[in-house]
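Two complexes are shown next, each including chain A; its partner changes from chain B in the first to chain C in the second.
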Partner chain A sequence: MKYLVFLMLTPGLLMAQQYYPNAEVILQKVDDNLTSTTKVIESQMVIHGRRGSRTVSSKGYAQGFNTSFTEYLSPEREKGTKMLKLEDRLWIYSPSTDRTIQLSGHMLKQSVMGSDLSYEDMMETRKLTEMYNATVIGEETIDGRKTWVLELLAKVVDASYEKRRMWIDQVRFIPLQEELFAKSGQLLKKTVLSDVARIGARWYPKKINYKDMLKEGEGTDFIITDIQFDVNIPDYIFTKASLKK
Partner chain B sequence: MIKFLVKAILRDKNRSLLPIIVISIGVFLTISLSGYLRGVMGDMIDQTARFETGHLKVMTRAYAGNKDQMPNDLALLGVNELTQSLRKEFPNYQWVERIRFGGLIDAPDAEGESKGQGPSAGLAIELFSDNSGEVERLNIPHSIVSGRIPQKAKEALIGDEFARKLKLDIGDEITYLGTTMNGSMTMESFTISGTVRFGMAAMDKGAVIIDISDARNMLDMENGAGEILGFSDEGVYFDETAKQTEQAFNAYYANSNDTFAPVMFRLREQNNMANYLDYVDSFASMFVVIFVIIMSVVLWNTGLIGGLRRYQEFGIRLALGESKGHIYRTLLTEAVLVGILGSLAGTSLGLAAVLYLQVHGIDISGMMSGTTMMMPSVLRAKFTTDLLYIGFIPGVAAMVAGNMLSGIGIYKRETATLFKELEV
Partner chain C sequence: MKLAFQLAYKNLMGAGLRTWLNAGVLSFAFVVIIFYNGLIDGWNEQARIDGVNWAYGNGHLVHEAYDPFDPFSLQDGHGMLPEEMQGNLTPVFIQQATLYPQGRMLSVQLKGIDVNQTVVKLPTHLLDSSSAEFPVIIGKGMAASAKLNVGDQVLLRWRDRNGTFDAANVTISGIFETNVPFVDGGQLWMPIDKLWEMTGLTGHATYFIANDAYVPEESAGWKFESKEYLLRELTKIINMKKVSGSIIYLLLLSIGLLAIFDTQVLSIFRRQKEIGTYIALGMTRWQVVGLFTAEGSMYSFFATVLGCIYGIPLLAYMANKGFGMPLSADQSGLILAERIFPVYGAALIIGTIIVVVVSATIVSFLPARKIARMNPVEALKGKLQ
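Showing the complex of A and B:
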């Protein structure tokens, strides 16, 4: 009798399992959209403070996952400030002091320009499939778009966030929302991705709102005004010498 | 009878002078040491006030809600006008502006590369002002380990341990990396003019002191300050006075919903000082009570001896027909009068000493090498209203109790044996 019950239930169980796609496959498609060999991005960061908002514009170059260079173009306070990331090290150049300072360790958790992004957030460009094990835990609809809800647990020791929850657009394989957690389970950051555009063969979110959940406020809007993928970037850009040019 | 006794006390100095002197000394010691004890016990309060809370502190409501994070984006603006207003409305306080900030200090090597860096807690005060009193208030002159206090823009004092950790010398450059009031990144270079010993590990390892004008430039805080601190002219915290000032100031803004409206807090309401203040009061009171008891025993003994010494006098007065009760009552009345005179003298002298020590204090800086900013170089007493009367407890009550005890012997005297006792 027990065997009969088992045989009757098995097809149902199998069907239930097949209902959710493979999380690793979803994550790989997300990586395919978001990562590239090189990137040139022009962007604006709108930082919402208690007393008002300010907009910081920048131009950034990225090569692979470990190399990036950013120059801040406006406003006047920030103009000429540059950041260079090589592997796990970050240098900041300030024209007012004509000094280049390397940041490391816990300083990378500090806020960039008073925004809700940390230096770690900016530096993290590795593929999700390299850093996390993923599981599909459900489905939800966000702004009329159906999403897979994925839970990601870090499989590397140096991941900025021990756990993530991502809502992945089922058609475009772009995260529309993310929650980032500490090891303790504390919700640290929340991101909302929108203005998804087709750029070449990929989909890419052109607006991301980062919200530090440990602070009050509306968070920071990161708006991409122009982006180019897989373009040729001269090597000299990613050197410390380029910081002082 | 009292008039007669007063004359007797004044004319017969042999009988009254010594007790009055003893009582005066006893009461003087009671008053002055009690006042000094309260002053010394208040040292921690003083230290907290000087470095953190002031006797009163003005911040924006938003800043006050997050003050541990030094949120300069929520700081006061228009502080020039606000400070002028405070000085006019509450002239019995000295009002000073301060900015606290956090960030990173980076020390460059000869090639401009980082040779060391560490997190830093910055304090910007009115270093260049001769009137603010901030330099003396923070005991900086006595805490300098090497170099000097900053005298011009872009000079800084850093913790001595911090300097040693980063291998910095006087004249070396350091770069501060932080965030402005508006959230922009800011970097500013300073020349180390001196190193200082704070006396608190956390500050010795990463604190920086600069002039408030440099901080305003660096942090985009024109006419701004994180906090305005008020220090009473007497230099000592009086909660009742502070409370009145606090209530008067906050009443101006009571109807405002502006999250950036200024709000004033008195010391007791900051940094969990209420519990400590109550503890200090209880502890000081306990010491005062113990001291009063001790002095009471001494003066009781004085009264006792005084009564016993007049054994022959009482015998003669009994022989002359004065009633025992009358003698006893005159004895006690004299004790009260002597006690009052002695207590008045002792209280006057004691209060004078307390007030002098409160205003001028005892400068011990010359006796202490390696003074830190945290350690006061001047020890002060504190006047409290109970000093006006606690001297009378040992001075009058104990004196009377002593005479009451010694006077009991009067009732044991027998007229029939008086001549034999007196050996007449």
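Showing the complex of A and C:
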């Protein structure tokens, strides 16, 4: 009898497996949506704290994953602060002290402007497909949109997170939710992406909520007010000299 | 000379209150000098003992790339020392981590140490006796800032050798009380074997603590720092404090000496007939100068005696009960006990007496030189010169 049940279920199981598309293909499409040669972003970071929320606006220039430059535009206290990332090095210029400092070691663990993002979160330099092996583990609906649930396991030894779980929009191939895990399996961070918009040939989330799951609070919203992909950015932007300009 | 001192003693005793006012002011400077220096010496002695007992041992064998004043150096400032060179050394391995007490985020240093060590006073036996998977001990200061108690579990996040995040609950197995802030604030001590396992850096150490039997030897990539070298910052601060403190007691001493100087000038002005009489009776001018100088320097002897009368009980009380430091003092980053017990060495007391006597003698002699130029006849007549 049990053999009969097994034989009856086998085609169903095989069909279920075949129903899931190739996870690597999904991840490649996600990478295609999220990465670009260059991008210029104007954004607002809404930091939710115990005493209310505050908004920090900035303009950022990025070239691939390794090179970026960000200038903070408001509030007055942060205005003029600039940040330059070249490969694995990060410099911050503070106008109040007129000094540039290089962040390293434990300072990279500090949060950016009091947000749930640490400087080291900004130091990730590779595409998902280069760092993770992906498997589709299920299908869920988030805010009315069907998603593939992908489990990503690091295939390189130096990935910051050994395991990730992503909920990928089945049509737009944009992650709508992501969970980042420690080696021990402890959930460390959660990201919720929304306001997905068509920008040129790609889909892109215009609002991202980062939440450090080990900390209390509502996390930090990253809201994109304007974004341009594959634009020409002058080389001088990505130099230390531009920090003091 | 004996006559000079006898006369000086009688004159001073005859002056009554004026003498005791001068001696009183000088004795105050005398007591303050001894107390302040005793306090600094007490702090120095306590801090050195605490520093050696809690952190320095007989010195550190430090990885060349590690600089304790540069947190950037922690990432690469560790390595392996050949086993045969590890005799009489206790390894300490430091990694950075983030602690999440009550949903807050604290950047901490995770320090691995041999649980069986006895070279420093850290209660590492508590780590050995703990049944927790990740036992840690912390200082009282750290426990207060993170609001942690013994038995509490708190989430810790760290990175392994490849930079991958890992996280687990660590258990507070013990809280120790120390005056040494750099083994307390922002630090978690755990078994070094566990830290090696957590980071995948087995056998690595950032520095080694040497015991008394350790004989420094050359080892590539490592440098030996003696305890004197490790205490150099404290030595500098102590010396700086002594210099800055000397300004206060120089001021006090100056007031006392000024009083003696004024008294001498006044005495020589008012006692011209007496001076003339001494010379008329056969004393040379310089003997009279000596008499007046002896009078002035005798103030310092009186000050010493007076200082002893109220100073000995006061200083003994302070040495016994100690001097309470403000609560904020332990956040200064210096090795500073809650109470400092002054230490009064023989060299300090004898040195202070010599300083007071010599300076009082000098300020007494300066106005008395005028006597050597006096006309004895004019002096006998009491005429102003």
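In the analysis below, the second predicted complex is superposed on the first by the 229 of 245 C-alpha atoms of A that agree within 3 Å, B and C clash if a C-alpha of one lies under 4 Å from a C-alpha of the other, contacts with A are read in each partner's own complex, and residues count from 1 in each chain.
Quick note on the criterion: a contact is a pair of C-beta atoms (placed from the backbone, for glycine too) under 8 Å apart; a residue touches a chain by one contact, two chains touch by 3 or more.
All of these numbers come straight from a predicted model, not from anything done at the bench.
Novice: After the chain A overlay, clash or fit between chain B and chain C?
Specialist: On the shared chain A, the partners clash.
Novice: With both complexes superposed on chain A, which partner does A:77 reach: first (chain B), second (chain C), both or neither?
Specialist: Only chain B is touched by A:77; chain C is not.
Novice: So, does A:162 touch the first partner chain B, the second partner chain C, both, or neither?
Specialist: A:162 sits against chain C, while chain B stays out of touch.
Novice: May I ask you to decide whether A:214 touches chain B, chain C, both, or neither, giving the answer as first, second, both or neither?
Specialist: The answer is second: A:214 touches chain C but not chain B.
Novice: A:47 contacts which: chain B (first), chain C (second), both, neither?
Specialist: In the superposed model, A:47 contacts chain B only, not chain C.
Novice: Quick check for you: in the superposed arrangement, does A:154 touch first (chain B), second (chain C), both or neither?
Specialist: In the superposition, A:154 contacts chain C only.
Novice: Considering only the touch criterion stated at the top, classify A:183 as touching first (chain B), second (chain C), both, or neither.
Specialist: A:183: touches chain C, not chain B.
Novice: Can you tell which stretch of chain C bumps into chain B once we superpose, 1-9, 19-27 or 37-45?
Specialist: After superposing on chain A, the clashing stretch of chain C is 37-45.
Novice: Residue overlap on chain A between the chain B contact set and the chain C contact set?
Specialist: 107, 111.
Novice: Applying the document's contact rule, which stretches of chain A touch chain B when the two form their complex?
Specialist: 47, 49-51, 54, 56, 75, 77-78, 81, 92, 94, 96-103, 107, 111-115
Novice: Tell me, which parts of chain B touch chain A in their complex?
Specialist: 62, 73-74, 104, 106, 108, 112-114, 117, 119, 175, 177, 179-180, 182-189, 220, 259-260
Novice: Under the definition above, what is the set of chain C residues touching chain A in their complex?
Specialist: Within the complex, chain C touches chain A at residues 71-75, 96, 98, 100, 102-105, 107, 155, 157, 159-160, 162-168.
Novice: Quick check on the complex: what are the chain A residues that touch chain C?
Specialist: On the chain A side, the touching residues are 104-107, 109-111, 154, 157-162, 180, 182-184, 186, 188, 212, 214-217.
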